[in-house]
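Here you go, one structure.
A, B, C and D are the chain letters, set down in written order, and residue numbers restart from 1 in every chain.
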Amino acid sequence: MSPASTSLSLAGREARRQRLLVTGTEPVGPYTLLRLERGELEPGVPGQFFMLEAPRRVLPRPMSLCQAPPRELTFLIDPIGPGTRALCTLRSGEAIHVLGPLGNGFDLDVDRPVLVAGGIGIAPMPYLAAALGDPPAVLGFRTERHAEAGRLLPGAEIVVEPRLVTELLPNDPCDVLACGPEPMLEALRTRAPHAQLAWEARMACGYGACYGCVVEIDGRNRRLCVDGPVLRNAA
Amino acid sequence: MTVQLLNASGCLDALVAPGIAIQLDAFVTKTVTPQAREGNPPPRIVETESGMLNSIGLQNPGIDAFVEEILPRITELGVPIWVSVGGFSAPDYAEVCERLDGQAAVEVIELNLSCPNVEEAPETAAELVAAARAATTKPLYAKLSPATWDVAESARAVAGAGADGLSLVNTIRGLALNPTTRRPNLPRGAGGYSGPALRPIALACVHACARAVALPIVGMGGVTSGDDVLDFLAAGASAVALGTILFSDPLAPSRIRAELSDTGVPAVVVSRHGIHGFVRNSASRHVLSSE
Amino acid sequence: MTVQLLNASGCLDALVAPGIAIQLDAFVTKTVTPQAREGNPPPRIVETESGMLNSIGLQNPGIDAFVEEILPRITELGVPIWVSVGGFSAPDYAEVCERLDGQAAVEVIELNLSCPNVEEAPETAAELVAAARAATTKPLYAKLSPATWDVAESARAVAGAGADGLSLVNTIRGLALNPTTRRPNLPRGAGGYSGPALRPIALACVHACARAVALPIVGMGGVTSGDDVLDFLAAGASAVALGTILFSDPLAPSRIRAELSDTGVPAVVVSRHGIHGFVRNSASRHVLSSE
Amino acid sequence: MSPASTSLSLAGREARRQRLLVTGTEPVGPYTLLRLERGELEPGVPGQFFMLEAPRRVLPRPMSLCQAPPRELTFLIDPIGPGTRALCTLRSGEAIHVLGPLGNGFDLDVDRPVLVAGGIGIAPMPYLAAALGDPPAVLGFRTERHAEAGRLLPGAEIVVEPRLVTELLPNDPCDVLACGPEPMLEALRTRAPHAQLAWEARMACGYGACYGCVVEIDGRNRRLCVDGPVLRNAA
């Protein structure tokens, strides 16, 4: 069992910090699905994120919740550097500190949801799809191997580069909820003025303490960890 | 003797995390400048093997918005408030200190004389302290950089200019490159290096200054544990501030107090005898007032 | 373009480990002073989380014994010899440089202007370089400390005084305490901080100086791998020196060359374009002469 | 099998550096006996030492060879700090870089050898005893628990504090070969003018590169790793 948790009010929301046991890891294409005991943490709203302790690193790493099975939290991790590699090599029985849920998730009050994800941007989609009753989804990947991650979202349409997700967007009006690389989000921004987009930035703290994660919103530098990561395009 | 724990300036937002701020003996604000600043363009942070680099660039709402909108709200927390003051010239420091002088809620003014991420003022640290001294009667803590050959000399200079205490240390300039492009990982090139790697440097500065001047010292730089706190006290600090550790462990203040309450306090006294031959009670006057 | 690897002064004894010395493009001696020195009392070293502190105190046999007994023997190794010169006043530097000026075996003189473990000379770095410049026609490399607010300024000053190159950086003062006694782990208190923790600081100094002056730069500070070497070259170094890594891996020179020969060289060129917009060929004149 | 080794001439002696597999560890009282595959390293002369890579530490740690069983090297380690603790928690199958043998060992050309050790000073004695045909030995320990290490030297006389090894020294002339804490070595120095004493100092490199390990010998600071660790008292 994981040791006791502590609750914290961060940016007016309840979050908890607890040392959680790793219950398992499995490869998903080039990514790793990390399963943690849920402990006393709330899964939160789809699109919110958690700060995961990265073994032997100075700073934790922000990760979107991928799935919320009973008594577990899972995260889909792309090993692109030292922190994510350390997380992907965790073994069952090891434990890491986790803080969350953090930030603004997706607004689920939408009429015609369509989920759009590129690459590791698929990470928050399984939990989001479950909350919205498996709406239509389109996924784009760099290679066939990356596309294996599509199995986490059964029924989704999948394209592999050079084809792009934007080609698959329905022409009739819909509510886009998206996560992925910046070029994809920028493309959607013009295509779907009211899309809800989950952005990324390097984060040191994840709860508003460091001002490291700012992005420009309406000409002002705002903290993505507090005002995002999900932003309404128009906003 | 209980150990006084503060946050390091720029490492905690009391309005976003009030539950953490109230665990501190004093809350230190992010540096406030005369005008509002948007700060530096992102990315602003990068991790290194045993520390991190930041290039925030003193993003803050400016002294007017601070006094009108922020100060009243953090005052409600009931934690003693230290305001960190920055600027680009002696008149800047004087202006901000003057505005704060009338604010009863402000217990201490910390002068950030050493931010590595913005252009520096033309005046020396001592001249900036003198300008601030003329503008306020509040206790002034001079925050010094470790990037100097003889920090004790700087300490004597700011003490002579009227500083009531020292905050040691600020970050030191560091550079990291993107392993793929081999370009600097931060747009401005260098950033401020903080975290565990800074600790031996910070301890050396505290140790040197504690011998050079009789002022109380807030020690900081890579503190992660109660053990680290005892090192800073042994080196001559009268209080300790937590910075980078708050990013990975927002609960560090309570954890560290617990670590200290186990074996801490006797060790502190012993150790400070070990270093100074006596316990510098005077050293804690401003911070102890928060008890 | 092949990468030039040297040892950092004080981190290798060519007479004890000739097999390592001959793997280098140049061997840099431990700092030599006018008189023999026994150095500081032990213990002289302590490890930290990501570096180490040393307080050797320039132990060396003095210039006479060096020229008569040591120089002839290291000359036999056939490796270009850089002699590190130290002292406690401008005349000290001038005296040692004058003695070395006539020694054909000496290719470069490196002026140690920044040892944190001994009392410093009253003169500025530039004055010490000027004194050395007047005493010898050999190429002079000025070794600077990272413990300064504006290292680029120091670089311009020593360049103006006649330095032909820069060695960046020396150690920075650090302190560690014994966890039981809470007393400094080294008798003199602070020591010189080296190793991986110093790397971001060293890279920032190299980056700043490469922009400030056109002199070749020997970069050092926490280099452990070929990847670290590429970072220093990208930051503007024209050669790289290995220090603390030699203590844990005496075979580092050959290992690092192997790491570089895999993906290294193109990366170097790319990366230095990335930083400078052009490859500073002039930068390598002294060190390249060892090819 | 351990990867290939490289040979080096250090201070005029041949040493080798190789990454050696851990074949096992066993507790010996409060100490740990670390067993390594011998690889291509020579065990050297009793009293010589090796520099062992301490996992996740910046510097290696000097250790005397304890035993030289076929195809193995063993080291007896007292976990007094981060480096020795890291070495004591190594597991079979892990590997560390080892450099050696280094320094001056004991001069085995002695008529009436008596081995004297205090605490962890017992470490080099089993290998030394084997080389000298199990001469008489006296061992001193701080507690009964530490004294359990006495089993590594069957037949040795053992004293536990407050009693001291010096009480057990034979009165008739003999050749003392000793290793242990400084106070013990200083006491022997006066008792047995020609004793061979194995000293300790903090070492960064172990092969003469750093000048960190100096001790005062005849008023001069000499490198213990090159001129020692075994010094002839009179010398």
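In this section, a residue touches a chain if its C-beta (ideal position, glycine included) is under 8 Å from a C-beta of that chain, and two chains touch if they have at least 3 such contacts.
Quantities reported herein were computed from a predicted structural model and do not represent experimental measurements.
K.L.:
Which chains does chain A share as contact partners with chain D?
P.N.:
none
K.L.:
Determine the set of chains touching chain B that also touch chain C.
P.N.:
Looking at chain C and chain B together, no chain touches each of them.
K.L.:
Round to the nearest whole Å and give the separation of the Cα centres of chain C and chain D.
P.N.:
The computed centroid separation for chain C versus chain D comes out at 34 Å.
K.L.:
Roughly how many whole angstrom separate the Cα centroids of chain B and chain D?
P.N.:
Using C-alpha averages as centres, the distance is 47 Å.
K.L.:
Could you tell me which residues belong to chain B and also touch two or more other chains?
P.N.:
Answer for chain B, listing residues that touch two or more other chains: 48, 50-51, 196.
K.L.:
Draw the chains as dots and join the ones that touch; what shape do you get: line, ring, star, complete or other?
P.N.:
line
K.L.:
What is the complete set of touching chain pairs?
P.N.:
A-B, B-C, C-D
K.L.:
What does chain D use to touch chain C in their complex?
P.N.:
Those residues of chain D that touch chain C are 6, 8-11, 17, 51, 53, 57-60, 82-83, 97, 99, 201-205, 207-215, 220-221, 226.
K.L.:
Tell me, which parts of chain C touch chain B in their complex?
P.N.:
That would be residues 48-51, 53, 120, 145-149, 172-177, 179, 181-184, 189-190, 193, 196-197, 199-201, 203-205, 207-208, 227, 230-231, 234-235, 267, 270-271, 274-275 of chain C.
K.L.:
Hey, which residues of chain C end up touching chain D in the complex?
P.N.:
10-13, 16-20, 30, 38-39, 42-48, 50-52, 54, 56, 59, 195-196, 244, 246-251
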